[in-house]
């Protein structure tokens, strides 16, 4: 606590930097994932290929990926763009599968009914498919958010400013309080992001809040999601 | 792309391969961390996950625990333990155990939960004891998801084991940090390529194992469904199989 | 013989599924519990093999109080057939049928040989023995379910809406099969359904239930049709309308039976 009091300004600046580093990958990753997921679901062949390729991308450990980025992008080694792009890749890799599952989980009869009532394919996607897959998309987005916030700390190993700085600095100067502060700050950001997403979900998807008994399917999906992970 | 070639040249250079500081040894350390941590995590998490999955008790705790751990920054935990336990292999190993527990726990209980309640009800109705239901019904039917969880655990640890070198714990990360410190980019890249290849190979191996452990009766349905209905071939057992990282 | 003695079941959430229920189920006959959903029929059935324990009261099998018996042992000597068959998806048909004997310690080889015979009994081709449940049709799965229920040669067979999920043609087949099996093997069958036609077809004794396990009427199908206990029973069995209201018309000197709408259904033999 004492350490935090005397270094509050530093922690606050790093927190802001951390947020700035992790928000774009979450948002951009989500936006990119939807069309990719749609294409993946559209054709049987593309689904297999896209999901396998993204699965392999997701397998690349983060530290090496941060190091490959400058070569691919032509950016300087210490640029924060490297970390942002790498985190976006992870977000897409994680999100596309969930989005594909979500779009596919929409009841086929509902889609048939929508077509029968005269929705065009385009209208049907925006007004029926996308909103109905909302709950699954949301659960995927929450996973992406938590893992991105956590992964952003590793950027500090390659010199990109984030809360990970507190780990590195705390280790070099042997201050446990500094490291603990960093861990707690990361967890707080993750929790706040999660709450924001849940609230956003309630506003955008008011119909999806079901009875407790009906939630087993959703929570099983949640459990299944959780058995996958990032580092 | 020349840099990549430099990295490959570093890998192929015999001088970097053998001896205690060579990448053969470092790769061995990386694998030892991976399987050691996953084995310890499995001993802790599988019984716990089975208990949660069979009884349904403590489910909410397990779900939020698995979810919350995802946000836990492994670098921070590693360094904190490093400060407490000193440099060496202990802090990394404990960190990786902590890292591997949530996915294995989730795989174990999700596997049990994925079993149709009616099947379990029927097993009970024909006179299976609770132990027999666990051993003869829930464990075999939940195995694909458990292996999925172990697969996630292995891949997370093998990736994160790179950080062990930060507290002088060895493994392939040693080259990455050394290369960054001495501006020897080909060394950093060479090790990065090795870690990536290792992760991809393990991913492939586990994908194969997972295919093999799906009970044949469950596969039988898949084949049938693909033929008759087009869209949802792997609803019951599939999603987390490829969910792993 | 199975006896219910003032059995009450209240679930933890407060609902009283069955209240002060008394019934004697005669041996070697088929007794059908019939009623709409929420009448407690499945609860009653599941209390016989102690899948559910009564809150108060006693259930006796051949004079023995089931509360004194170990549930697992009890279940192994009572056959159970449920909707959607409840087969183990990861075991072949033959091993599903052999489940209970194997649990009882019968050597696997012997149990399998007996299971093959049971496939004959329920009218399934032996070539299906090595299939997995999901490779079978719904009707075939139900037959496997019946075979499994019979495998330990139980005196009692409990059937919980076993044909609810199969199409009408297959259901009619399975109903005839059930009648044939019951007559051939002389089992005490307790059958639960919401379909009064099925109840009248299969039941020697039919128990019509109202909400909360209240017995509206017990009797043979003929007794119930002849003398419905009250308006509820009359309307439930449809005794006041349609195909159950028959009358005779003279046509060309013969007695033709016609229903309420005048549609002929048959000719009376002298």
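So that you can tell them apart, the chains are marked A, B and C in the order they are listed, and the count of residues begins at 1 in each.
Methods note: a contact is a pair of C-beta atoms (placed from the backbone, for glycine too) under 8 Å apart; a residue touches a chain by one contact, two chains touch by 3 or more.
Remember, it's a predicted structure, so these values are computed and weren't measured experimentally.
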Shortest contact path, subunit A to subunit C, counted in steps: 2
Pair of chains ranked first by number of touching C-beta pairs: A-B
Relative to subunit B, chain with the most remote C-alpha centre: C
By mean Cα position, the chain sitting nearest the middle: B
Mean-CA-position distance for subunit C and subunit A (Å): 53
Whole-Å separation of chain centres (CA-atom averages), subunit A against subunit B: 19
Centre-of-Cα separation between subunit C and subunit B, whole angstrom: 48
Touching residues on subunit B, where the partner in the complex is subunit A: 1, 3-4, 63, 66-68, 70-77, 79-80, 82-84, 99, 102-104, 106-107, 109-110, 113-114, 145, 148-149, 152-153, 155-160, 162-163, 166-167, 173, 176-177, 180, 188-189, 191-193, 195-196, 199-200, 203, 231-232, 239-240, 242-245
List of subunit A residues in touch with subunit B within their complex: 51, 55-56, 58-65, 67-68, 71, 94, 97, 101, 104, 108, 142-143, 146-147, 149-150, 153-154, 156-158, 163-164, 166-168, 170-171, 174, 176, 179-180, 182-183, 186-187, 190-191, 219-231
Partner subunit B, residues of subunit C touching it in the complex: 46, 49, 51, 72-77, 80, 82, 84-92, 99-100, 103, 131-135, 148
Residues on subunit B engaged by subunit C in the complex (per definition of touch): 116, 118-119, 121-129, 132, 136-137, 140-141, 215-218, 220-221, 224
